[in-house]
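Each structure below appears as structure tokens.
Here come two complexes built around chain A, the first alongside chain B, the second alongside chain C.
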Partner chain A sequence: MIEIGRLLRGSAAGCVIGCWVSQVTTPQYGGLVRIPVAENYQVYGIIYDIQVEDDGLVRQLLSADVLDDAVITDNRLNRNVPVEISVLFAGYQEDGMIFHLLPPRPPLTLDAMFQCTDHEICTFSSAGNFGYFRHILRASDLPVGELLSSHLRLVDAAQRHQHNPIWIQKAVQELIILLRDDYGLLMSVLAALSDSHLILGEYRG
Partner chain B sequence: MPIHYRAVQEQISQAGIRAGERQEVIQKHRARALQLLQQLSENIESLSTLAESASQINPNLRCAVPLGEKLTATFSPTPSIPPHILLAADGSQINPSRHDPIAFGLVNVGVMRIDTSQAAAPKQFVQSTLIIPDPLDPEEWDLNEQIVALLRDLSERKILAEISKNEDKPVVALTDGPLEVFRQLQQEKFYDQRFSEYLVSLLDMANQNGIAAGYVVKPTSDLTVRLLELTLLSSAEIKTAAKPRHLAGVIDSDLFSQILAPGQRSAVFRLQSASSRRYQLFNEKLSLCFFYLNTGSEKHPSLARIEVPLWVAEKKEMMDLLHAVLVDQCRIMGNKPYPYILHRSHEIALVRQEEKDQVLAMLIREMTRQKVEIRGSSTKQAIKDTTHT
Partner chain C sequence: MGDRNSQQRENQIGYVVGGGLKEGLRVRLTVDPQSVQEGGFVVIDTGEWQFYGLITDIQLGATDPRFADEKVEDRLPPAISQLLHGQTLYANLEVLPALMLKSGRPEELPSEDASPIPVKTIPPHHAPVLLASAGNIAEIFGSPNEEGNFVIGKTREQGHPVCINLKKFVQRSSGIFGATGTGKSFLTRIILAGLIDYNKTSLLVFDMHNEYGFDDTASDTGKSVKGLRTLFPGKVRVVELGSRPSQPGRNPDFHLEIAEKDIQPEDIELLTRELNLKETTPTTLHALVTSFGIHAWYRHFKAMKPGTTIEGEDGKRVPAPDSVEAWANEAGVNIMAAVALHDKMRKLFDKPYIVPQPAADSLGEIIRLLKQGMHVMLSFGSFDSDLDYLLVTNLITRRIRREWEEMTNQHRANKKTVPEPRPLTLVVEEAHKLLNREMASQTIFSTIAREMRKYFVTLLIVDQRPSQIYDEVMSQLGTRICGWLGDDSDIQAVLSGLAGRDALRGMLAHLQPTQEVLLLGWGISMPIPVRTLRYDEEFYRNIKGGSKFGDVDQINRELGFDL
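Right, the complex of A and B next:
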């Protein structure tokens, strides 16, 4: 279990996690994470933003000609400069069952967030019929195409490790169905998927 | 009610006119002081004798005494820095307030340690010491800001000496501000006891061959100017605490910023003062010395005054290492030169108001649990808290 950070603030649809700069090597844009809330209840989400905050000292250090390695490691490991990770809720697990719905009870302050293992990614993404794509497609203020392509690339890798290479084809087919009435967004999503080599170029319009 | 800005503006205008008039005099004094510095640069022995005899007449005399290097000597940092352990300790404190329900103080010392031979991140830790005065001890009961500041300086010094004991490489131990501790306390016995402990810790560092230094940023001292001024005074004038001032308004930085190129240090001087004599009397090795360092650039000189004990000032390899380390540390901070490690020690030590409130709440809880009588906040503080929220 890799703990990424802990919850700073949240809402019914998503949350923001705070973590140390040194922990940022683990989470990835589009990655699936889980936040255990109670014994048989945990919330799943997709990382859609990683913000590295600055402060006065960091800005001051940039005015120097050179930057020592010791100073860089000191700032990354010792200083209290948090990184904020924004998460879009994608579903939850209760009593062993996966639901691609918004969680009935959001996680609370200081709940820990963990990166999902390959097995957990496959379990969540294979449950139901890609219902959690709705949450991503609804987030009109996000670069949906980029987010989906990153997410699908990570899930595809996990599914392949679990001997399920056809998951990606089904996922793309589902996206085409979901976006059939939104040609602009469909083309944007397909272009991003093509750029990430998840689909062949002929899907482009 | 806001400030009466119109009245203040009138006072500012008058202050500006007066400052403009004084500026001309100060510039003349500055030119005279610089001329004297250059003229007397090699008169090391006669200046030392003069300062020595002047201090006999006036024990409160505060000035620089040449230690052997020419007054206008400049030294560039060595290009390479040998592996060493760099330590810094900086304290922050909660000062006692009689308006609080419980009188208490707290000293929080932040310590940073960098091993320059390793790529690992610097180590950092904080030592917090709560100070609760004993109401049955009249000396201790009168806890005030001066006492807390003394205990802070003592904690910094003790921690540095303690860490240095376990190091196997040369140690450079920095603190912010002068090494000279001078506080006017009514509690003489209390002060003497703590001051002795301070000197013992400093001597520990000397016995370990560590390099102790106090970094004074933006120095306003006029110790060298006062030395030059002695040459303009009659012995009768020296008796009157070196008054009148023939070079009033000039500070050492005005002179050394003209002489020192970026990265260069000045000659080392011994500090002549009543309080520094106590260091000397305790152990000759602890005699306080100082030099100036230009940590700025060609366009923007930035002078710092570095206080070192005699055992450091006398050893060239120690001075070279300290000099190079300080230049390197200040370089890290770019256009606002100041030792990075000192800034970080300060950053981790800093006590905020909400932390003070938290400690006070913890104290009240414990005293209540122990059924100890608590006097409550002063009504003045209570009203302030009400009206300012």
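Right, the complex of A and C next:
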């Protein structure tokens, strides 16, 4: 279990996690994370933003003539302001069942967030019929194409490890069905997927 | 059940997405559009009902026109563009629903539900649409194994045998149409062979072009084709007009000569156009009949010598007693009109097949043969002008009408002792010459088409210009078998009086120029285009061997009968 950080603030649709720079090397844009809230209840989300705010000292350091490596390392490890990771809720698991719905109870502050393992990614993404895509597609203020492309690439890698190479075809097909009435968005998403060099086989849905 | 479901999955080509009874059903295609064709016979299975229909149109569509307009293959990887096309580009079928049948085994259904009925409702959304199997075809058009069903051809896509019911085919007048060169004669041969084999009606074929009785050579392949007498030597007689064979090696069973006494004024009036007769003709003919009687007028008129004169008592030249002028004077007829008629009728007087006293009563022999159940091919030999054709067909048919009316009336008067007359089908080639708007009222054929069914006589008309046939006659045709037609008015004429004309019009226009026909009308359960059988060695073998051209075991299996 790789802990990424703890919850700073949240809502019914998403939350922001705070973490140290040292923890930031693990989570990825589009990655699937989980936040255990209670026994037999945890919330799943997708990372859609990672913000590194300046902490006041950074400005002073940048204005110095010479920036020593030790100073940079010290600033990163001992910052006053944590790195903020924004998470879009994608579903939850309760009593062993996966739901691609918004969680009935959001996690609370300082709840720990963990990166999902390949097994957890596959369990969540294979449940139901890609219902969690609608949470991503609804987020009109996000770069949906980029987010989906990154997310699908990560899930595809996990699914392939679990010997399920056709998941990606089914996922792309579902996206096309969901977006076929929105030509602009669909073409933007497909263009992003093309750039991510996903390998799609001969699956016929 | 498992077999049926897996067969359904194999044959499924789409599902219903909309439409109605009037405009037809719209079906979303789930297979490559190139795997179906206009005119394809489809079945829509709702579980409760099976709907039978025809594909009348295939249309390409897109969820958004931009998906069709842009070639995304240039922008996206093949796999993604393939998935995109699969979900955004599609093909829709238009299906003309024609019949519906209660689902279930026929023997388990109430009798009123065991036969297909004209479509009265529509299947629900997403009902699966399947290409018809041989069993489905047999459910609608009859099994090739049943008495009276004759395989006329096969469905275009899957080659399932399609039957016409010969009993229905001859119950009412029928027509075979197609532009010249579309294989009408071969198709007619095939159907005549079927009718002869079926042997429930006698055929009298007015074989204007000498095609049906004797062996011939196909103009397209150059191969020899068998005549119907060769195929059915014990059932077919060839009669040739005139007293001697027109072609060496083609010896008819006997010759037909017309007795002068059999020619009546109406036979002459019928030839108004061919002889360029004037409006005075009926008056002159009436006077001739009054003077000489109905059986002798022709002989006397022929014997008259127009323009001959003798010296009168006063020394002046006067018309000779045997001249047309002398008779006209005596009968009070306009001399000029009588002379003109005599002059124009010279074409008939010169016909060698019209004789004072035929060597035998060959017309009576033809009728006797037909009554006995034989089939007669009347070959016109070298007398193949319209004049010969119109005169002889009308004359013979008038006699037949009289005979069959008499037989029917006798049967009706005494049903216990007098049997029904043997049904008779008159096969008329170049029918528009006898049945056009102008002639229909004068010839006997329009009467036969309208009324003679009651007297067991029907017509099978063979023609390339159905639009020239009087529409009152066309409306009487029960079964229509139509090959390719190029003219809009001909297409319209063939489809007159049928439901779904607009949908069928396209189908008719898109038939292949040869070997494809559209079956239509009262005698056909629903319209269907078929690829006709070839009139070749295989056909000869099958018709002689009694094979009905279908894999009966397969059809029974598909109908759900245990073997």
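Details
Methods note: the second predicted complex is superposed on the first by the 198 of 205 C-alpha atoms of A that agree within 3 Å, B and C clash if a C-alpha of one lies under 4 Å from a C-alpha of the other, contacts with A are read in each partner's own complex, and residues count from 1 in each chain.
What we mean here is this: contacts are C-beta pairs under 8 Å (C-beta built on N, C-alpha and C of every residue); 3 or more make two chains touch, one makes a residue touch a chain.
Model, not experiment: these values are computed from the prediction.
In the overlay built on the shared chain, the residue A:176 is in contact with chain C alone; chain B does not reach it. Using the contact criterion defined above for the overlaid structures, shared-chain residue A:3 touches neither chain B nor chain C, since it reaches no partner. In the superposed model, A:60 makes contact with chain B only, not with chain C. Shared-chain residue A:68: touches chain B; no touch with chain C. Contacts of A:77 after superposition on the shared chain: chain B is touched, whereas chain C is not.
When both complexes are aligned on chain A by C-alpha atoms, no chain A residue touches chain B in the first and chain C in the second. Considering their complex, residues 57, 60-71, 73-74, 76-79 of chain A touch chain B. On the side of chain B, the complex with chain A involves touching residues 114, 116, 119-122, 124, 331-336, 340, 343-344, 347.
Chain C makes touch with chain A in their complex at residues 63-64, 66-67, 72, 75-77, 79-80, 83-84, 86-88.
Residues of chain A that touch chain C in their complex: 169, 172-173, 176-177, 180-181, 183, 186-187, 190-191, 193-194, 199-202, 204-205.
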